[in-house]
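Structure first, then comments.
Just so it is clear, A, B, C, D and E label the chains in written order, and each chain counts residues from 1 on its own.
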């Protein structure tokens, strides 16, 4: 068995569920891997651990690959488990009456997980799509968890980009919560990005992939199998597989959040090239550095290993 | 005040604190909960969580990791602080030259440095230890440095006239004289060592109390967060008690406040 | 060592440090870069970033926010620490009863408390001030507490025989005697006040140096992160210098180490 | 408040006082045993005794700074349970406030009692002059010589004009001449408004020259009061002259011979060889 | 190392020494002016002078603890630039290590010099007995009386058997009897291997009884050495008896009259009234 250290940027986020679930289902072991999951506060910390060599693979948002390509770092994703990004633009319960559309966010304070993070770029993209000048909106870092919930309930921010389980949590506490855009769903993702948009993926340094083909293939197998398993089971069954510390006290809430999130998980693990382009568009929108960099998108992902799995599956059939 | 009265009073304070917490998270006052349970949980749930951790035994592994990290951070940081403090105090020129840089480093937000520690020390306990050390070190350092400068000039002159060399001065004069300063800083830094370890785990780790807390926080399990903090706090009291025992032993020569004769 | 030599040496240290940093991030040693620029940037880029911030003026707003937060945290935390320290030292029973609780609170990881601060104090400066205060308070508190216990028993007996009441003892005996302890802790806590403010901003804020640093970190702009930390450090030196000036003024009665007569 | 000085009560009255110290190893040391000593109002009593016998300890008892293990202390008839605030105490060890100048050190006693600072300073400047330190008003204690510090301490106690004076070797670090000047100063003050004085000294001549009664203590451990002489010299006295008086010389001789034995005994007891 | 004691150089030689202190307000205080003093090898010199004149300051110069503003100090012919490590110094103020027991305080000097701890302890116990504190070996300094602390200090210095002894009022807080015992102890040691001794005291009788020469200083500021008397008494002396010697009484009278004027002058100069 080969030992692999997998860095996750905030494992509690449902967007990363397949990574943990694969471990619970024993998929990694089946594929001949001994995977240790290390949980980081955020995606960029996880990525840095991989860049520094203390972890092997990141389970995080694909956009980092594009982001770092602009800095001349070769990162490549090899299996994408989220086909929608899962961000929701939520209005603070105190502002439900006042803010009805994205346009109303002009001159307001909007929370993101952290300035400079994916949620920040996503917000700016949505704003400019809706014709609002992103610079007219005050961006506040509020994190993803309880801080974000506190900020929203307090009205310290007028709206925020949130992910699950925070969205469902807030929904549970505020029945008439207004969500301006919900990319956990196919509909909103399509309308915002015009296609699928890769969220969580496994990626790592390109040279590592080149030198660890076997392991990469094994991980891909594990994840793709897990994705299949997810779509073949109910949220309750999935929740039952997850360890307590990921589910928390409120199992019903977890199941509810999972139900909201399920459509977001990819069925194949493949990267949609249009999705990669969408990511580049989102980031070019507000980062001149990325806009001006000549990024070869095809180097930032590979479907080779996923295709290999599917081929084998086809063969079996 | 004898020991049992003291203990009784301490328990009383704890009971009052817990009762207040319970009441404020359960019964609305002036129409609203002063401590919304979503953010503050409540004592019963926290207690249940703690009991569960201990009865299932999951906690031990995490506690052990955090214990090792904290103790290492505390020991390394204090020893480092004592040494550098001594060195600076005895080399006033070096001290003057490096003084601004030491202060600059003390002002760096350790949280931002976490990735660098991970780079250098990997994901194991050492990167957490490093974070704790950067907190403990400065607290101990500044106190030891000052403590050595406070040595009574008469006693120092006497020691020098008795023919002590630098090393002997350290051992027989500066060290015992700076001890009470050092212990004062150790009481502060016990807490900070644990904070360093936990924050390190919180930022990225495969195990430890910080990890537990982060997991709990991620799923909005406030009871878990508070339970983690309680275990942590209990655990600091234990380490601190050890420090106090050593302190009593080493400072036996001082007049007790009660018997201090003029 | 006179002032200009000292300054020259300090600058020399800075230059050597920067040169080392530059070399290690630019030229491979034994086939690899000891400080990979992805984590450490390099001095030139950092300098450019700093210059850019100042020339475009974006930095001022953030610097101001952080300044206000740090100074408030420092002032509130120190005053609190001094008061509670005094109170505990003068009320040994109260102190004995609350002692374990104070130590417990000191061990709580402040980062985890951020949501509670946000809940109570919003996302404005006050939640950052609160975070800073929780760091500064304990450092000052433990030192003041110990400092008061270290008052010379003879001087204290004399003061009591002169008829001082508790308030007068405070003012004429405990306070001046604990001053050097207090200042030692203030030097430590200047740094921690800033760390508190920055970490607070880092966890959620609309502006401030921590915000800048986090923004830079989000887009993997290490130069920005380091530039932020440099500005921060420079800024701590300024506050610390002020503390030192006050210290010199208040401790004028002490023998200088050089002239200390036996 | 204690009854006023007018009644018949003794200013200081120690009855069967035992003092026991706890040692670091848990043992106990009985320093003073069954000490009984009365100082009448407006009486000047000197205590003489071998080094380490318990003179300072007795003063600490009279000041209320330590509590006797047995026996009782009362001040003007009122049992002493806390500090004796009617007394001024000049400590044997250095007890000036290191962070105050000589002037402020002297003024503090008055300021505490509520006098306006300017007035307190003026009076304290006068007192510094009286003890020969007018030119040293702005010095911090560490810039003064041992004898100068002692004199600042003296001024600090005397300026408050306390009803009872406890003085522990006040003139120890002074030269003979300055000693006489200070002694005369003390006598002047005392005769102006007859205070009760309890005065520890190693100088038997000084003890006799100044006091109404000389008390001598035996060597410790368990030191006792073993002698009490009335001094049959007329007042007012001039310290320099009185030493030639016949009854002075006789008394000196008498006390001295007793004391000498005692010291030798103490020396043997406490392990001298 | 300084040249050995065998040659003709003086043990201590101060030439035209000025001492200037900086004051807190930036002013300067000239404590001692043009002090010239030689102490020959194996000579016992006493310094007497009004309080605050600069006696301790001179000792500090001879110890190398402070540097003269003008003039020079040399020890056995070698100019003194750093500490005078051939000297043992008994300070005027309390200088024991508060964190060491009496025994350890005495033993430390030997341990530093490399003696095995057990042996050092044994010797130090002997010394404690000699100064009359055999029973107090395990006490920390704060549990000792003023005079007991002084005696521990004395043992601490003497046990090291230094070539030069600097003693600042070593017997100040001792009773007359103990004073004599200690004085005899000191003389015994000194006559056994003739050390150079510089001895500050306020007790003129003691000065004459012990020393070969008595030096007196004028009152400060800018104190000078204004008198230097050879003591024409035969050795060995018994301190108690010698006071009755005729030449003792004469010398005492002579020095005393000079000293008395000086003190009165000093008292006026430093602002006494």
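Note that contacts are C-beta pairs under 8 Å (C-beta built on N, C-alpha and C of every residue); 3 or more make two chains touch, one makes a residue touch a chain.
Keep in mind it's a predicted model, so treat the numbers as computed, not measured.
A.B. asks: Trace the shortest chain of touching neighbours from chain A to chain D and give its length in steps.
C.D. replies: Step count on the best path from chain A to chain D: 2.
A.B. asks: Tally the contacting C-beta pairs at the C-D interface and at the A-C interface, and name the larger one.
C.D. replies: Spelling it out, more C-beta pairs touch across A-C than across the other pair.
A.B. asks: Averaging only over C-alpha atoms, locate the centres of chain A and chain B and give their separation in whole Å.
C.D. replies: Inter-chain centre distance comes to 37 Å.
A.B. asks: Rounded to a whole Å, what is the gap between the Cα centroids of chain B and chain E?
C.D. replies: Here chain B and chain E have centroids separated by 49 Å.
A.B. asks: Please set out, as single numbers or ranges, the residues of chain D touching at least two other chains.
C.D. replies: 21, 24, 65, 89, 91, 93-95, 140, 142
A.B. asks: Multi-chain contacts only, two chains or more: what residues does chain C have there?
C.D. replies: Residues 36, 39, 115-116, 119, 153-154, 157-158, 202, 217, 253, 255, 260-262 of chain C touch two or more partner chains.
A.B. asks: Hey, what residues on chain A touch two or more of the other chains?
C.D. replies: Where chain A meets two or more other chains at a single residue, that happens at 48, 51-52, 145-146, 149-150.
A.B. asks: Applying the document's contact rule, which stretches of chain C touch chain D when the two form their complex?
C.D. replies: So the residues of chain C touching chain D come out as 154-155, 157-164, 168, 172-173, 176-177, 179, 253-255, 260-261.
A.B. asks: Considering only the defined contacts, which chain A positions touch chain B in the complex?
C.D. replies: It comes out as residues 5, 7, 10-13, 36-41, 45-46, 48-49, 51-55, 145-146, 149-150, 165-166, 169, 173, 245-250, 253-254.
A.B. asks: So in the complex, which bits of chain E are touching chain B?
C.D. replies: Interface residues on the chain E side: 63, 65, 83, 85, 87-89, 91, 93-101, 108-109, 112-113, 140, 142, 156, 160.
A.B. asks: Would you tell me which residues of chain D are touching chain E in their complex?
C.D. replies: 21, 23-25, 29, 48-52, 54, 56, 92-94, 128-136, 138-140, 143-148, 151, 169, 172-179, 181, 202-204, 259-260, 263-264, 266-267, 269-273
A.B. asks: Across the complex, what residues on chain C touch chain B?
C.D. replies: It is residues 1, 6, 9-10, 13-14, 17, 36, 39-40, 92-93, 96-98, 100-101, 103-112, 115-116, 119, 138-139, 142-143, 145-147, 149-150, 153-154, 156-158, 180-181, 183-185, 187-188, 190-192, 194-195, 198-199, 202, 210, 213, 217, 225, 229, 232-237, 240, 255, 257, 260-262 of chain C that touch chain B.
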